[in-house]
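Note that the chains are named A, B, C and D in the order they appear, and that numbering of residues resets to 1 at the start of each chain.
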Amino acid sequence: MKDVALEWVIDMKIPRLEVKELTTKYITRFQENIYAVDHVSLKVEDGKSLGIAGESGCGKSTLALSLMGYYFPPLHYTSGEIIIDGRNISGMDPDDVRKSILGTEIAYIPQSAMNALNPTQKIINFIEDVVQAHDPYKTKKEVHDLARSSFETLGLPAEVLQKYPVELSGGMKQRTVIAVSVILSPKVLIADEPSSALDVTSQKMVIKMLKNLMENGFIKSMIFITHELPLLYNVTDDIMVMYAGQIVEKATAKEAVFDPLHPYAKGLMGSIIVPESGLRNTKLTAIPGVPPNLKNPPSGCHFADRCKYVMPECKVTSVGLREIFGGRAYRCILSEGELREVYSKEAYQNAR
Amino acid sequence: MKHTLKQVFHSGKFIVGLSIFVAMLLIVIVYPLIVKYPPLEIIARGTFFPPGIYVNVYDSIGSPKYTLNLDNAAANRIASKLSDADRTAIKEWLVADGIPENQIDITDTKSLLDLWANNYDPTKEVSGMTLAKQRYYQRLDTSLRGILSTEGVSIAAKNAQTGALEEVGSVAQTDYANVSQVPNVRVLPLGTDNFGRDVLTELVKATSVSLQIGLVAGTVATLIGLTLGLLAGYIGGLVDDIIMFFTNLFTVIPTFVLLILISFSIGQEHRGAFTIAVVIGFTSWVWTTRAVRAQVLSLRNRDHINLSKLSGHSIVHIILYDVLPYIASYVVMAYILQISSGILTEAGLSILGLGPRTTEVPTLGLMMNWAMIYQAQILGKWWAYFPVIVTIALVTFSMNLMNTGLDQVFNPALRD
Amino acid sequence: MPDETSVCLRTSGLTKVFGAGRQKCVAVDHVDMELCEGGVVSIVGESGSGKTTLAKMLLGLINPTEGDIYFQGKKRDIRTQKKKQEYWRNIQAIFQDPYCSYNMFNKIDAVLLDCIHMRGGRKLPRAKKTEMMAEACSFVNLKFEELTNKYPFELSGGQMQRLMIARIFLLKPKILLADEPTSMIDACSRATILDMLMQLRNEIGMTVIFITHDIGLAYYVSDVVYIMEHGKFVESGCADDVILHPKATYTRRLISDVPKIHEVWDLSTV
Amino acid sequence: MEGYRKYFLSKLLWFSVTLVFAFMLNFILPRLMPGDPVRAMVSRMAQGMTNATGVQAIYQQYTELFGTNKPMLEQFFIYVKNVFHGDFGFSFSAYPRTVASVIKASIWWTICLQFPAIIVGWLIGNTLGALAAYLRKGFDKVLMPVSIFVSNFPAFGMAVILLVIFGVGLKWFPTSGGYGFDLIPSFTWSFMWSVIVHYQLPFWSIVLIAIGGQAIGMRSMSIYELNADYVKYSRFMGIKDRKIVGYVFRNAMLPQITGLALSIGTMVGGALVAEIIFSYPGLGYTMLNAVMGQDYPLISAATLIITLMVLIATFLIEILYGFIDPRIKAAQAD
């Protein structure tokens, strides 16, 4: 009994995935550095899912790639730590990461499942390669049994295994990719826009599958990346908003959507469109301007140029992430109270 | 646009290709301005004179004489007369005579002749030597003495009245003529060919003709290919089906074989350089058509075309301003390739004897054909074929290098 | 139902078939629709529903296999280039992908000048043209002075789409067909584009046909909504009715499958 | 399998259509010559012949063969019928041998020389191109320009250079012929050895030419494939780089097979010229002799045979391609 209790305590204490001040960069053909992920820290605990939101080019997809701890050009690791189950993988030998982390500890679902599978290989042969890359002594039969049982549990027909990717429909392909990703029962799943290329019905099926994976304990935690905020709100427990390579807001899904603190997050949430009554009476928020070029990011707040509430010091002082009560955090020079005051004043004026 | 052009000129491959090509072009243009010999004039009686400076012997006797005392003159003279076979034979005799082998260096003419002069004794019997071999050594000895003589030679002329020879002058071994004072000197940097023509002058002319053939063939092929590609891609439907039917047909039917048939059917007397070029052009449009069609197909559904239509522009305007600029880079690349393959095809045809008729102008292929017929490659007359191969290779290489450079600029995926 | 005079565009039995034989594909299947002057109409459908094909037929970019289009009560006639030009003075479009909508070899001035010329302004003095272009740019919050001698691809996606609206501002057509004008644009620039479109509609009183796959967006912008499935309209009507009280199974499924934030998104229905 | 059958049938249909067209070209082109083609032919070649009865015999035989006095369509059917019986008439230059016997004597030399050479060149070229794409840096920097240079090197140039270096200079291999002049074709060791030795230079000159173009094509294909999404995904699933490179090369190689089918015609053209340089007793050399001897029937037959060979080779390659690339099956199943 005591052991169980202790394990429970440890489980609570040590997050499944912890990232500390991770910075990665792209090196272009012209040897320019683009810091697409800039000192990002995050924590995901067991049974929790984390969503990452942001507009295109904010670095959310790069963050997904960077979290794998396995880098290839043009993406390069710069600094920071990635800790999975207490193991720091950022300093590990790439081949060790490949063998003992990828697919078994942490798995990835790519943005475009359409092209994620080798077109000239049957699904089952790819699964064989995946399994044998981690355990070369597994026999073909064992792999086939594993694949079949795993596909059946996930509600996919076993015939899919004998097919080539081109023979599958878009939604089926995406679900197959998810099934392949979790074949080695990874603890953490990183899904990068897994459903944005699909129609709404297939999207719903994919989301349902992911949620089932979480609920049935196939995976312990999930990081879900998308630009579709309503989707994110429905899928994950927590939401992080990224802007120009940095995290600007970190909160529970509900707080992030209905009570954002950072001016950018506020704008983003104000632009949500869902087919619900009352939509026609809301005024959508627009944020003028474009995100900064990450080749030479501004020295102060990255959002300063587009911010409605900008002050002269915003452009010069670099702003850190402010942690507030309840695990929330945001990146702004103003305090929580000051921000709320600004927002309520604005709402009052709009109402008049 | 400007930016892309700048990128093109930053591509190393393109620059190297362009430099080689421009250099060749300059030579082809400038050389005939300086050297005005007719390229197909037969100047040599005999085949394959090696490259060098040809000095008129008659004129050099008549030109002012200078006496130069040069130490190695005699040795050089002997060295040039003494063949390798003779040297080995001398060594053989000397070894048989008992001289240690390591003391004999057959490349050192002076010491070899010294040893010979000191040791050779025609009367001496060497065991195992045949009579014939003995005779050979005796003859060798006599001729060596002749070479070694320090006497000059007399020049005699026939007396017009008596018919007797009279000495009119003499040439000493130390006499020199200044080449620039000899009235008749012909430099043949690449010797002469099988017909006795100056290879270099012929080569320059041939390069220019071959480039023109390539240009005509390339232009014809590109124009046909561009037109058909645009029609097939832009209009689509039945037009596309018909054009693609013929395009696929001519892709599979080997062009070269088709060319052989056509060239032969035209007949020797009708085959001029221009005709051949046009025929080559007419048989090689397939690749351009394919490339242009593929590009136009992907462009056709781009919204800028739709927008242009909505702006009320005519089909001609749309093709000229909205389609052509986008495919221009591909067309230029295809054009470059067509020119270079046109040159190669002409050469291949000519080697078969189906090139332009031989009487008017040389082409690179014809030069190759002549060299092959006269077996220059077997006879070791490298100057008759090697410069031709190098020229063809350089032309096609430079063009393809430019093409690869362009490709890397326009297809970013191929960059490193 | 609107009376006959206010209908500016009507289709009857509009059909488009691609291919033949076994590859035959009916993209648009006997579509009837009516468009009232000054209204905003949305056509909502998933990819492959035929909405873009329908749009292209309405624009006169492709010919229908069957059926007719009536423009301002008369049967549309665009058989000659001249008549086409006339028709296109009345109907214009904004396309989905701003990066593909411009000829990258033409400068921004050329894009706008084209519109002035199309409205018959070819002979206007240079200064007048510049003034018109500057006015159009300022309408969409762009500075004309900064745009001259620039190419469209030097702008951001949102700016390019705004330039498209400036184009419409100059052309002042009767009907604007917006084919997913915001789907390639970030959410926070979307509102700007939509606001500008609506403002322009109010100013010049044009009719807007909004083509989208996003049923929420359709609800937000339009008065009338058509729901399209496999080339057919399955439901149509006033936006509030269709979205809040859908009748067709397809519409109901479509709406229930879209994630919401105030209402519960029921995953069990898949 | 259904999809593949459809693919096969469509290819077969296409092959037949091309075949008919090739026949027609071969039939029509000589008839486009001004004047009576048979008269022109016979009078042209009669310059080189002294045997007056022979000339007359040939003239008779060709009016028969071409049926010049009959309507075009009938002429065509006569022609096709004769070709199917292997009857191409008499050769002018090798009279009284028939064209069929001349072709029969040389066709195997060409088949045994060119197709192995093209396939070996294709294999080596693809391997090098793949390596260049994968290794990059130094290897690529050297291989690329060399490939461009070699692939654009004239086929005859390569042949001549090999001949001069290894035949004339080093004397490792004989410079001409398919076997020693003093030997009679037979299954003896000395004859076989002679054939093998004579085979080397023409073979390698064709291989070298084929390598360059294939290497360039394969390099671009591989670079394209290396950037594909499945590469990233496979990496993140922990699959070893070496295995992923295997996927990439397989996928890049498959389109190269179609590339081979498309370029085989061009390659054969170059290879014919290489035969000429080495006086190799194949169709290329036969064709040279026919040109020199103004032997029209022989040229016409040789071009037809080569076209047929290329068509069949293309057809076989495409059939093979459809069999091994699953993407084809899927595309056809639609």
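By our rule, a contact is a pair of C-beta atoms (placed from the backbone, for glycine too) under 8 Å apart; a residue touches a chain by one contact, two chains touch by 3 or more.
Please read all numbers here as calculations on a predicted model, not as lab measurements.
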- Query: Can you list every chain that touches subunit B and also touches subunit C?
  - Reply: none
- Note on the structure: Between A-C and A-D, more contacting C-beta pairs sit at A-C
- By C-alpha centroid distance to the whole-protein centroid, which chain wins? D
- From subunit A, which chain is the farthest off, judged by mean CA positions? B
- Distance in whole angstrom between the CA centres of subunit A and subunit B is 64
- Item | Centre-of-Cα separation between subunit C and subunit A, whole angstrom | 34
- Task: Can you check how far apart subunit C and subunit D are, centre to centre, with Cα atoms defining each centre and the answer in Å?
- Result: 55
- Task: Check each residue of subunit D and list the ones that touch at least two other chains.
- Result: none
- Multi-partner residues of subunit B (at least 2 other chains): 416
- For subunit A, write out the residues touching at least two other chains, lowest number first. none
- Looking at which chains touch which, would you call it a line, ring, star, complete or other? ring
- Item | Pairwise chain contacts, counting only pairs that touch as defined | A-C, A-D, B-C, B-D
- Task: Using the touch definition up top, name the residues of subunit D that touch subunit B in the complex.
- Result: 14, 17-18, 21-22, 25-26, 29-30, 32-33, 40, 136, 140, 144-145, 148-149, 151-157, 160-161, 163-164, 168, 175-176, 216, 220, 223-224, 227, 262, 264-266, 268-270, 272-273, 276-277, 287-288, 291-292, 296, 299-300, 303, 306-307, 310-311, 314
- Note on the structure: Interface with subunit C, subunit B side, in the complex: residues 1, 302-304, 306-312, 314, 321-322, 325-326
- Which residues of subunit A touch subunit D in their complex? 68, 70, 72, 98-99, 101-104, 107-108, 110-112, 114-121, 126, 129-130, 133-134, 164, 166-167, 177, 180-181
- Please give the residue numbers of subunit A that touch subunit C in the complex, ascending. 55-56, 199-201, 203-205, 207-208, 211, 227-231, 233-234, 257, 267-268, 271-280, 284-288, 290
- Note on the structure: The residues of subunit D that touch subunit A in their complex are 228-230, 232-240, 243, 247, 250-251, 254, 325-327, 329-331, 333
